[in-house]
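To start, I am sharing the structure in question, which I have written as structure tokens.
In this document, chain identifiers A, B, C and D correspond to the written order of the chains, with residue numbering beginning at 1 in each.
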Amino acid sequence: MAKAYAKDFTTKELIAAFIARQVRDGERVAVGAGLHVPRAGILLAHLLYCPNVRLYMVMTFTNVLKEPKMEPFYTVTDFRPAKWAEAYVLHDDFQENPRLVSNMFVVGALQIDPYGNSNLIGVGKDYRRLTFRGPGAIGTTSMAHYVDRYYLYVQSHDRRIFVEKCDFISTVGWGEGGADGRRRLGLPDNGPTYCITPLCLMDFEPQTKRMRLKSVHPGVTVDDVVRNTGFELIVPDIVPETEPPTVEELRVLRERIDVEGMLRT
Amino acid sequence: MALERKSLVIDEREAASWIRDGMTIAIGGFINSSHPMAIVRQIIRRGVRGLTVIGPASGGLDLDLLIGAGCVRKLVTAYMGGEHYCPVAPMFRAAVEHGELEVWECDEGMYYCALRAAAQRLPFTPWKAGIGTSFPEVNPDIKVFTDPITGEPLLAIPAIKPDIAIIYAAHADPYGNVQHIGTGFGDRALWRAADRTIVQVERIIPNEEVRRNPLATSLYGVDAVVRAPYGSHPFAAPGYYIEDAEHLREYVAAAMTYAKHGDRGPFDAYLRRYVLEPETHADYLEVIGIKRLISLHEY
Amino acid sequence: MALERKSLVIDEREAASWIRDGMTIAIGGFINSSHPMAIVRQIIRRGVRGLTVIGPASGGLDLDLLIGAGCVRKLVTAYMGGEHYCPVAPMFRAAVEHGELEVWECDEGMYYCALRAAAQRLPFTPWKAGIGTSFPEVNPDIKVFTDPITGEPLLAIPAIKPDIAIIYAAHADPYGNVQHIGTGFGDRALWRAADRTIVQVERIIPNEEVRRNPLATSLYGVDAVVRAPYGSHPFAAPGYYIEDAEHLREYVAAAMTYAKHGDRGPFDAYLRRYVLEPETHADYLEVIGIKRLISLHEY
Amino acid sequence: MAKAYAKDFTTKELIAAFIARQVRDGERVAVGAGLHVPRAGILLAHLLYCPNVRLYMVMTFTNVLKEPKMEPFYTVTDFRPAKWAEAYVLHDDFQENPRLVSNMFVVGALQIDPYGNSNLIGVGKDYRRLTFRGPGAIGTTSMAHYVDRYYLYVQSHDRRIFVEKCDFISTVGWGEGGADGRRRLGLPDNGPTYCITPLCLMDFEPQTKRMRLKSVHPGVTVDDVVRNTGFELIVPDIVPETEPPTVEELRVLRERIDVEGMLRT
């Protein structure tokens, strides 16, 4: 049966549907509080496709299959969603085996280079006198190391973010590139899978591990992407449009997950 | 003559008097929740200077306030922000950009390595995540070394030992048995690493109540207990109250005026009104007002 | 069509079928308590050979039985005995003295270092205690190395990774949320280190009961759950029953006959009567008898 | 006021009273299940002198000041004494900071050398073919490292235990001796304080760190000790008798702690 795609949706809803397709049933998946779009995508996967996902949410593990709708929460320390908890996760215990917390992870960034190395530390040539001090790496360095796959996710797409070289690297991507870019560093081969932006999806070309345009979101041209990317992007001859959410996905997203409409703006 | 156990209860003034210039102190909680604010404000009132502060793995605006008040020389943390209230903590950002604050740069995994090394009295613990990043460059305490078994490169994360950990929890008995509501975030790691620990609580409970649910005892024995109802305000307290969004926005607006425009006026006014002028924690609560406080009760 | 969560409940035969010759398996509990005996006995019935067994930090007579039954090639543990029932586990002692069993010699601190390294996917973790002892000599996997930061000597304790951990707990829901009664000893460390975990429980409880007390959830998600009431017998089960002292004395007497006099007769008779002849855990319980079982209820 | 010493007591009760004097108020003290005499001594200290001791017992922390009498328990896994628990201690957590579990520790041994190095591994020249396989180190190697002071404790005193050289060392004492015996190994100066046997108490002479006779128990001669020790012991000119329990100590021991009389045999 052909999928019934939705026609009227926002870019945020489109991205949530993409993220939903990345989740695999039975996995553990960390659900951030601050990143509303990835959170909605993971919950969408859970409610529609992955009943056995174990959600790591506000420092608890849970499964919300039976929840008719999710109330919103905005901070990782909001204790109210812990009412759904099946287990508490002590944050210090977490580091004993981060794989028990999540199989996939979403990493934000101030800067991203062509090989998917990313920076949350700050911007400036001199670490002792940064021109912009970032929030810090949070747990991204370690989580990206332990999960099976991670996703770069930014909420704007411009040449300040996508740069030839990050001023600092807080989470390693494919290193200096090449099929063995990570193995040369002595690291496992779990570099970033996709880079998700408000304009497009990008992946990494297997031989060079350089960023490659994979699809553009509706209304965005390849030129829009190229113009707003500060390094040379690999652009295939044919660049499809990003797969839209289905009618069912959009319904569940709006009725059960994003009840307050944060993704509709 | 029957022997009696000694109560470890002190007030926030005595607790803050343990903190002296130049010490390394750890402050518990996580971003917008569970900070021992009665003690933090008293440390500012006392004008303590030159502290090395170990925040939680992810630090919040409690540390930003301490930085803005001039108490902090060096900060150990993997994140400094207020989530949706502000992406980067303003006074932190300004102090770093002005070269006034040293940061011990790490991520959360490395942070717990450093605390575990301190707790285990080891010079370091190894970590793999971070190979290929800038951490060993921006934090020269972190060394790349060769694993003596496999020969692969690893990071050596050195021990960081707090002289004193100051932790917020829901309850404790007078003898230092502490019970958190919820997970307690990384508070146990701070307690384990520190030489001494002070815990600030909403309520002091009888020892019998501790014994009723020993599974809930999160820190089995600390050095002092401070009672401070609403003591995490303006931050959340699991089981008691949510964060005071309006107050946090007021703080962020004041601090951002300095970070963006270099004008300390609003921040200093905040500091006077909420920290320096109230003499005690109870005085602070009067400034906030009971109406606001009860509006934050968790539901 | 409403989606449903998948039950992870299997029986002890299926659980034991996961264990294949030559695997590295971890078995939970502590000395005289909390061993997954329904699965252990089924492993013996299946005649599995060449196992590397990671016992608890301090191992008990459950492992002694596995050794006596010929399943074990190598044992990782810091202690093998039965406390006042016997100071040194008899079949263990005999197997070592005959050169038939390899021991990965460590103390409890080193044991947890090895499991933590496995859980954290690190080649080793360092430990200071043990410098000046025979451990690096009798266990060549443990290396003395020089700390890259202070230059002092340290032990590198290498990772030991269980393919499968088999753990006993009081309760689990059908989805693999496990709740121990009491501390759970070091069971969490085994679960964290292992690739897969099977938990054997007294009772399967509804998910709603797990949610009623999430603080009690000790292992948040395992791969399979086996229901086996009285499943730790003859060992204790916190909250359910104490150890069967009479049965343990019977075992020790049989095993000591071999250890002291080289006569395997009584041990083999024990093995036949309590392990090989009963086809299932329920059959084993019939051999023990309900009268004996209810006499062990904790009071 | 002069102490009122008891007149009629067993050696086990004498040793319990000695151990009681080693405990300091406010400390954390691990109470073993198997070693009845040290356990009784620690409980005696707690009930008479140290109301603020935190007892680590059957994997829980507690304070039993208000207990009129202790019921006996024989295994570290006996869950019944956990009814007194103020906190549960996860055994894996324990190793995160062993000092949070105990400030003092009692170490048993199959063999002890003149410098207090001890062996629980086994007896024999070849580790691969031991003539007697011991129980293993348990946690003694690590606990002795972390505590402020530790005590060697054996339940018999003969030349098989007190040997010139241990076949294996599982817990390091004062190394090869000398005032800097441990510092030369890169270790802190917390070697064994006393060695307690059914015949006598021994300490370590400060300059050589060799074992030295400190006191003999009633009815034991210096020659009894020397004859049963397999290495040359430092014997001072005057060797006093071990200080007996007081009348009050003996009463509390018998009425509240050792109710089943294990120390009276």
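The criterion applied here is as follows: a residue touches a chain if its C-beta (ideal position, glycine included) is under 8 Å from a C-beta of that chain, and two chains touch if they have at least 3 such contacts.
Everything numeric here is computed off the predicted structure, so don't read it as measured data.
Each of A-B and A-C has its own count of C-beta contacts, and the greater count is at A-B.
The geometric centre of subunit A is 29 Å away from that of subunit B, both derived from CA atoms. Centre-to-centre spacing of subunit B and subunit C amounts to 39 Å, using the average Cα coordinate of each chain.
Subunit A and subunit D have Cα centroids lying 57 Å from one another. Shared interface positions of subunit D, i.e. residues touching 2 or more other chains, are given as 60, 82, 88-89, 95, 146. Touching two or more other chains at once are residues 120-121, 127-128, 152, 188, 215 of subunit C. An unclassified topology is adopted by the chain contact network, corresponding to no line, ring, star or complete arrangement. Chain pairs recorded as touching, per the definition above, are A-B, A-C, B-C, B-D, C-D. For subunit B in complex with subunit D, the residues that touch the partner chain are 3-6, 116, 119-121, 173, 175, 177, 188, 192-193, 207, 210-211, 214-215, 217, 220-221. Residue ranges on subunit C touching subunit D, taken from their complex, read 29-34, 57-58, 77-81, 83-84, 87-89, 92-93, 96-97, 99, 105-110, 112-113, 115, 127-135, 137-138, 152-153, 181-186, 188-189, 235-236, 238-239, 242-243, 298. Chain contact summary for the complex, subunit D toward subunit C: residues 33-34, 59-60, 74-80, 82, 88-92, 95, 98, 117, 119, 121-122, 127-146, 168-172, 175, 182, 185-187. Residues 120-128, 143, 145, 147-150, 152, 154, 156, 158, 215-216 of subunit C are the ones touching subunit B in the complex. Contacts from subunit D toward subunit B in the complex involve residues 26, 28, 47-48, 51-52, 54, 60-61, 63, 65, 82, 84-89, 93, 95-97, 99-100, 146.
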